[in-house]
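Presented sequentially are two complexes of chain A, the first with chain B as partner and the second with chain C.
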Partner chain A sequence: MEALNGWWDDYLLASVTVAKVFVCSLILMVIFGLLGASAKLSSNRLANAVGNAYTVFFRGTPEILVILLLYFGSAVSLTTIARVFDPSVAFVDIPPFWAGSIAIALVVGSYATETFRGAFNGVKSGSIEAARALGMNGLQTFFYIRIPEMWRIALPPFGNHMLSLIKDTALISIIGLNETLFVAKQAASTTGKPFTMYIVVGLIYLGFSTAITISVLLLEALANRHIQRRPS
Partner chain B sequence: MKNWQTSLTGLITAVLLSAAPANADTLRVGMECTYAPFNYRTSDGKLEGYDVDVAKGISEIIGVDFEYVCQEWDGMIPALLANKFDLIIASMSITDKRKEQIDFSSPYRNSVGRIVGPVGKDLKLFDDKGQPVVGNFDGLRIGVERASTYFEWFSAKLPKADLVLYDSNEAMYLDLKNGRVDVIMTNPMKAHLSFLSGEGKGKYEFIGPEVNEPKFFGPGVGVGLRKGNDELRDKISAAIRKLIREGKLKEYALKIFPFQIHDDAWAEE
Partner chain C sequence: MNIGIVFDAIPRMLSGIVMTFQLLLLSLAIGTMIAVLLLLMRISGRWWLSWPAQFYTYVFRGTPILVQIFIVYYGLPQFEWIRESIFWPILRDPFGCAILALSLNTGAYLSEIFRGGVLAVERGLLEAGAALGMSATHRFIYITTPLAIRIALPAYGNEVISLMKSTALASTITLVDMTGIGRTIVAETFAPYQVFLSLAIVYVAITWIIQRSVKRLEVYLGRSTAR
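The block that comes next holds the complex of A and B.
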């Protein structure tokens, strides 16, 4: 344990980075998932094709590949595009934080797409008809009826997606983001105590995932409170 | 529903394009930050090691500030080519294969390999002339780092060897201790310092002589840079020669090893 002296602050900072990546990629993941689900459910053929291509591609390729492609590919392609408009541009780049967050959000978002699609399909047609009968327009039906109803169905698998997301943040160390695994690598190299260093990372991730599991349980209780049996 | 979709697409595009432009006055240097004692980060967050000292020496002589970027080994050359940084100062050996993609300065460190294995196993892997005895490698599991010059050497000299590839030096040593590999081929300077004189003392030793074949390991370790930067490359090479002449490289090496790890002849053009 002595080997850990002096590394705690690095682990703490790195945990904050993990939390930041998680929050950003979670928001993006929900956005990608909702966009994907609405594309797949849309009556527009083009939107259908785009939605299908999205889930086929991102569910079918390894996360680490998507991260590498986005990080290295973006620098080359964005710079080329930027030079068309302004030849003096030396380089344009997505920093590791955003490249990593977007990449894991895209991958987990493709799974969320299927979850959301299934959940939207699970909304009772009677509820929609009732909303129409009350004179709600499409947008109102979407936010007041579809979202709250699908949410209950989507929550349990969504909890799994959140766990995937938090664990995927560890992959971003490969593009040099200073997160916990990267700190552990540095510390292992400097102190020669890889086990101690990696166990700390394991504990940090266990902490994060436990917090997520508990919040999902609470959210489920909240979402289903009206159908819960009251104690007699 | 179309509205919020369009605005979200706009938002994502904005995030993608709000990337930082380059600063012309500094050069960005890529290194692993996990390769002690050559480039590593201490618990205070400071970068240290031989590569870092060399980088600082060069920066002083050419009068340009360096900014350091930590990058995993596998992606080092792709990251340089993708403009993630401008120089590689990461113990990268100059090899013909790498030269197809990037340019190198003149060398600043030796590049050799040596096999490390358990004490007292008379494996006879090399003959009297220091050449590998192909048959004696049969049935041995050998650990090497992925995309390293050692891997290239094995592929060419002992294509049938049972290689186990590692992303990091640490994992390779762990498996050597666990017995998942029988021997490893690695950088003898690092092995001496971080393993054989510490944890592995008395239990592991060098097997066979140092393998020094410029065809695979190159003339040494140099600074890598994108092709087409000849002016910068010449400036850096000149700075390295100056560091050798002034005895700075020796000074950097003696901080870590009991011997210097460069060739004084490199000071000549």
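The block that comes next holds the complex of A and C.
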């Protein structure tokens, strides 16, 4: 345990990085998921094809490959473009933070696409008809009826997507992001205590996923508070 | 962009497909056994069996698989007694470590899937079995198991796919699977688009094959209930 002295601050900073990646990729994931779901639900053939290609590709490709593709691919493109202006440029890349966040958001977003689509279709047609019968217009029906019902259906799988995101952040260390696994690698080679160092990373992630699980449970209770049966 | 690299790279990467499938099938087999054991522990109704199983699932599902691989491969040799134990020949070898980590991980996920299947079996059928005088063990083997397998199969197929995707992480501990070879080729040619994109297509194709086979199996197992 004393081997950890002097590394706590590194782990703390790295955990903050993990949290930052998580928040950024979560926002992007929701955007990608909503775009994908709208593409798949639209009546436009082209949008359908794009939506399907998106989910098939990203659900079938290992996350690590997407990260490598985005990071090294963008680096090659950017370097080529930069050399047009200044031939002495050696290497330009997107920061690993952003390449990684976008990559994991794309992957998990493809799963979220199916969740959002399923939730949209899962809203009972009776509820929509009832809203119409009450004289609500399209927008009102969407915001007051569809969104709250979708939210209840999508929340449990959405929680799982958040857990996938937090665990995928560990992969970004492969392209050199200074996060917990990266710190553990340095700490292990300096102190010669790899087990201790990597276990700390495991505990950090366990903490993150526990916090997410608990928040999702609380959100579910909040979302379902009206339909909870009261003990009579 | 030089497309010729693709034709050069694909055969080289495909030579790693054997490694990918070895990792997938071996850890799937061991993981399934772990999952069955965990399932039996959880539904045993004895807290001293059920709690450890729950704790195991919580830990392995709550941490990234990459961290688990690193703990097994880089972490365990820290201890003298592990280096002197009979397991050292497995733990010294990156292949053994990858199999161990992948099996332990997928076992946790699969046990949850199996549990979902077992809990979804209709109570009435079990009561009918009891009324016919079947013992609890007989009911479990002849009623619960076949139905639970049918219910859990789609989720099992998804887990096989995510396990297949996780095998790509074995390249981080020096194993030369398809991803490992792809990374070597990119380091040589610096053509990430051609190499990684064609590799991604190979993975998508494998995913598609797994999906199709599971669908086939679903139809086959559901043949008695299909109208």
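Everything below uses one rule, namely that the second predicted complex is superposed on the first by the 199 of 232 C-alpha atoms of A that agree within 3 Å, B and C clash if a C-alpha of one lies under 4 Å from a C-alpha of the other, contacts with A are read in each partner's own complex, and residues count from 1 in each chain.
As a working rule, a residue touches a chain if its C-beta (ideal position, glycine included) is under 8 Å from a C-beta of that chain, and two chains touch if they have at least 3 such contacts.
All figures in this text were calculated on a predicted structure; none of them were measured in a lab.
Trainee: Figure out whether A:63 sits in contact with chain B (first) or chain C (second), or with both, or with neither.
Mentor: After superposing on A, A:63 lies in contact with chain C but is clear of chain B.
Trainee: Taking the superposition as given, does A:181 touch the first partner, chain B, the second, chain C, both, or neither?
Mentor: second
Trainee: Where does A:151 make contact in the superposed view: on chain B (first), on chain C (second), on both, or on neither?
Mentor: After superposing on A, A:151 lies clear of both chain B and chain C.
Trainee: Check the residue A:205 against both partner chains and state whether it touches chain B (first), chain C (second), both, or neither.
Mentor: After superposing on A, A:205 lies in contact with chain C but is clear of chain B.
Trainee: Quick one: is A:97 in contact with chain B, with chain C, with both, or with neither? Answer first, second, both or neither.
Mentor: neither
Trainee: Using the touch definition from the top, say if A:7 reaches chain B (first), chain C (second), both or neither.
Mentor: first
Trainee: Could you look at A:38 and tell me whether it touches chain B, chain C, both or neither (first, second, both, neither)?
Mentor: A:38 contacts chain B only, not chain C.
Trainee: Residues of chain A that sit at the chain B interface in one complex and at the chain C interface in the other, please.
Mentor: 68, 72-73, 75-76, 173-174, 188, 192, 194
Trainee: Flag every residue of chain A that touches chain B in the complex, lowest number first.
Mentor: Result: residues 5-7, 10, 28, 31, 35, 38, 68, 71-76, 78-79, 89-95, 98, 102, 138-139, 142, 173-176, 178, 182, 185-190, 192, 194 of chain A touch chain B.
Trainee: Can you check the complex and tell me which residues of chain C touch chain A?
Mentor: Going through chain C, the ones touching chain A are 58-59, 61-68, 70-71, 74-79, 161, 165-169, 171-172, 179, 182-183, 186, 190-193, 196-197, 199-200, 203-208.
Trainee: What does chain B use to touch chain A in their complex?
Mentor: These residues of chain B touch chain A: 1, 5, 8, 12, 15-17, 19-22, 24, 33-36, 40-45, 69-72, 74-75, 78-79, 81-84, 168-171, 174, 194, 198-199.
Trainee: In the complex formed with chain C, which residues of chain A make contact?
Mentor: It comes out as residues 56-57, 59-66, 68-69, 72-73, 75-76, 163, 167-171, 173-174, 181, 184, 188, 192-199, 201-202, 205-206, 209-210.
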